[in-house]
Amino acid sequence: MIRKYLPPVLAVFGIGFAIWTVIAGNKEIPPLPPVVDPSAPPYKSFVAGSGIVETNTENISIGTCISGVVSEVYVSVGTKIKTGDSLFKLDDRDLKAQLEVRQSALRESEAEVKVSRATLADLKDQLVRAKILAGKRVISDDELERRRYAVEVAEAKLIKARTEVVSAMAYVNETKVNLERAIVRSPVDGEVLQVKIHTGEYALAGITETPLMLIGNAEPLNVRVDVDENDAWRLRAGAPAVAFLRGNREIQTPLKFVRFEPFIVPKKSLTGDSVERVDTRVLQVIYSIERKDLQVFAGQQMDVYIDAAD
Amino acid sequence: MNFIALKMLIGDRAKYLGIIFGLAFASLLITQQMAIFLGLMTRTYGFLTDTPQPDIWVVDPKVQYIDDLKPLRETDVLRVRGVEGVAWAVRLYKGLLKARLPNGTFQNCIVVGLDDETLIGGPPVILEGELSNLRHNDAIIVDNVGADGKLANVTPDGRRIPLRIGDTMELNDHRAIVAGICRVTRTFQSQPVVYTTYSRATVFAPRERKLMSFVLVKANPGYDLSELCQRIRKTTGLAAYTKDEIKTITVRYYMKYTGIPVNFGITVILGFIVGVAIAGQTFYNFTQDNIRYFGTLKAMGASDFMLLKMVLLQAAMVGGIGYGMGVGAASTFSFLSGRTELSFCMPWQLLVASAVAIALICIISSFLSMWRIVKLEPAIVFKT
Amino acid sequence: MIEMNNIAVRCEGVTKTYGSGSTEVHALRGIDLEVRKGELMMLVGPSGSGKTTLISIIAGVLDRDGGECEVFGSDFNEMNSRERALYRSQNVGFVFQLFNLIPALTAAENAAAPLMIRGLKRREALDRACEVLDRVGLGDRTRSLPSELSGGQLQRVVIARAIVHNPRLIVCDEPTSALDHETGHKVMELLHNVAIGIDRVLIVVTHDARIFEFASRIASMDDGHIMQVVNSHHDLEQKKEN
């Protein structure tokens, strides 16, 4: 009996096992939920862009007109500043020394004027007397002529001495201006965003790789939105937009259109590498962040969706 | 009559078992070979299986299959985001990078760079650590097979120390710290898989102008996926495929440009022919041996229809048993090899396909027998 | 009607030829034969005389080439193969020289085969078959396989199979040639006792002279002709003539 039923029973087990294998094998592994939900745009039709937060003055890299060692930094990151406020000062001891030298040179030349003037007065006096004596034929004509020339020389010397005073004053002023330039001042009202210069460091005049100091007006903050040039035609000036903070889709803010950057620029991919690579060309649109209570920082990236109702 | 047919069949034990084993062998061969074939084919898109979150994959229009990496421009993800019906779109980097192991050897790894913000496209199962560990500095997540195998540190005395959380390795001259161990579907080339964030992957990757391999898209509910693909294609000029479509083109690529399907096809056909030969011949012999009794039944008034039904029932019986034993054996095979490099894939369609094959074998086998019986003159019963 | 005439089987000028051309064999060259109800007709003659061909035609398993042949008023040539099969399943019982019992089936199952062909349920068919086996003296061997039975027992199973569905015509081909004399005699006695009925005919092909005593009439054949038909001394024959 067992032998008779063995094949069919084996077959039934076989089919059962096969079905079990099929069911067990077809179980799909459920996907891990995303760590953060991606942001979802509120518009039906929209252009997406990646935005970077900046100040409304744009971020100003402060430079210095003269190179030199920094002797004093007046502000720190976050300091609110007004136009004309001092930011930092370069070492000016050499200028101060030069000023003293030049001031004493000025005094010297002023004294020289006095000497010249006295000499001239003396010679003029002698000339008057010589004329009288010459009329009396006490001295020769030749002697009188000499006296006359001496007066002319003394007059010229006085003029020279006066000119030297003016020049010495100009030197003093030059040094004073240079002293003023050793103090770097803020060109705008705003906030210090970044300080990369410290007392004792050498500040180079000209464009530096890292700006010495970044300042800008952070109220309100702007977002510079990169939009692929292929999507540029879809944008309207003044179109509303929404920005999402990366990392939490719940944090979002409406944006107000400010302007288009009229010049299309090559986009740099943010690889963090020392050499940035050019990827594609983008239209940049400037929006200002409307929400005042949003905790957002200049330089932060945001996902931006611009309404493109066709 | 059914009863008589079955008793006749089982009564001839040698032939009964012979036919069954012939059919079981054919069924085993067909099922097992097709399962391995399908397994291999599913491995070609194992990466897609592991990344089930997106509905649509956006790639370069020239991409022929999923491992055919033709990077896109960075802003394409923004353009795709701007298409109506797209709920979200994130970028994904995939590339083959060289890892240097502590013992100095090199190993090619598949590096997957996930969108920094959402980490969408991560591995399906994390065994140790967490996906969000990728936010740590220089963090990577390594698949367990790679960590225990190809990426393991082999000491000079031959011991294999698996890669664990906290270990460092070198990816294309950059330092990387293991922050998790995951499990992924085995890939076609069986390279280790390393997950990291997109921006870190671009640091690891060799210098190229474009790096983004895919844009993963989730559709808004209520949007037809193929329509959305069309729209993405039209708006961006990129190729957009639903998950099933890209699986199909991947499999089709491998079918078309590799010899794999031909190889397996030959084996399956061989199994089929062996089945027809063994089972068909034995079955015909069985009918031939019993022709006197079929004649007797025919003389006693059994119609051709009844006799054909008997033959078909016999064929169905051996077919069913042979099929059952065959697929059972194939399943056992797959069960036993579950933890090895062999790939098995048994969808229900495969069971149906091998059932159809066995049914065909039975029909072909019984056809000769049926012909013999229809032609049979009942008068032979009086011949000695 | 023929029934009224008491004629069960009537053949007139039946001919049958096998093959064609040079291999042509004239098996029957014009047979005239009448078998009455209640008769046991024996066909005797040397090998190749056409006995088996004749009963094949009468049993409806072989087509005749010419002549007339009616069995209980029906002509097989007027039926299609399905009707003929149905007719055989209802009206004809067979006893074969080599038994032709399916080796995988028990005695009861073999005997029940004609009933199953007629569409009876297995249980019912087996019950009926057991009853009939009981009548042929094999009530205790219903579960035996043919390989476990002796020649005489096998032929009893065959007889049970031939009569289980109560057919009107029973054809027997050399029923005793595979048996020894004594067993053959017993089998013929049994056949005589259980198979002969008022509304039934038995046609037995044999060349075993020792069983002629069971026949009602004996037709001797040679070379496709009926040579002569003689009456036996059988009492049944006399009974029926009354």
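For clarity, chains are labelled A, B and C in written order, and residue numbers in each chain start from 1.
Here, a contact is a pair of C-beta atoms (placed from the backbone, for glycine too) under 8 Å apart; a residue touches a chain by one contact, two chains touch by 3 or more.
Here the structure is a predicted model, which means the values were calculated and not measured.
**Student:** Which number of steps is the smallest that gets you from chain A over to chain C via touching chains?
**Tutor:** Minimal hop count between chain A and chain C: 2.
**Student:** Measuring between Cα centroids, which chain is at the maximum distance from chain B?
**Tutor:** Farthest from chain B by mean C-alpha position: C.
**Student:** Taking the mean of all protein CA atoms as the centre, name the chain whose own CA mean is closest to it.
**Tutor:** Minimum centroid-to-centroid distance belongs to B.
**Student:** Would you mind telling me which chain pair, B-C or A-B, is linked by more contacting C-beta pairs?
**Tutor:** A-B
**Student:** Could you state the distance in Å from the CA-based centre of chain A to that of chain C?
**Tutor:** Result: the chain centres lie 123 Å from each other.
**Student:** Distance between chain B and chain C based on Cα centroids, please, to the nearest Å.
**Tutor:** Each chain's C-alpha centroid was found; their separation is 64 Å.
**Student:** Measuring centre to centre with CA averages, how many angstrom lie between chain A and chain B?
**Tutor:** Using C-alpha averages as centres, the distance is 60 Å.
**Student:** Which residues of chain B are in contact with two or more other chains?
**Tutor:** 10
**Student:** Spell out, as numbers or ranges, the residues of chain C touching 2 or more other chains.
**Tutor:** Not one residue in chain C touches at least two other chains.
**Student:** Considering chain A alone, which of its residues make contact with at least two other chains?
**Tutor:** Within chain A, no residue touches at least two other chains.
**Student:** Touching residues of chain B toward chain A in the complex: what are they?
**Tutor:** 10, 16-17, 20, 31, 49-53, 73-82, 84, 87-90, 115-120, 122-126, 131-132, 199, 202-203, 207-211, 218, 236, 320-332, 334-335, 344-348, 350-351
**Student:** Where on chain A does chain B make contact in their complex?
**Tutor:** Chain A reaches chain B through residues 4, 7-8, 10-22, 25-26, 28-32, 34-41, 44-50, 226-228, 230-231, 234, 246-247, 267, 269-273, 277-280, 282, 303, 305, 308.
**Student:** Which bits of chain B are touching chain C when the two form their complex?
**Tutor:** For chain B paired with chain C, touching residues are 1, 3-4, 7-8, 10-12, 290, 292-293, 295-306, 377-379, 381-384.
**Student:** Can you list the chain C residues touching chain B in their complex?
**Tutor:** So the residues of chain C touching chain B come out as 52, 55-56, 59, 61-62, 81-82, 85-90, 92, 94, 96-98, 100, 102-105, 109, 113-114, 116-118, 122, 173.
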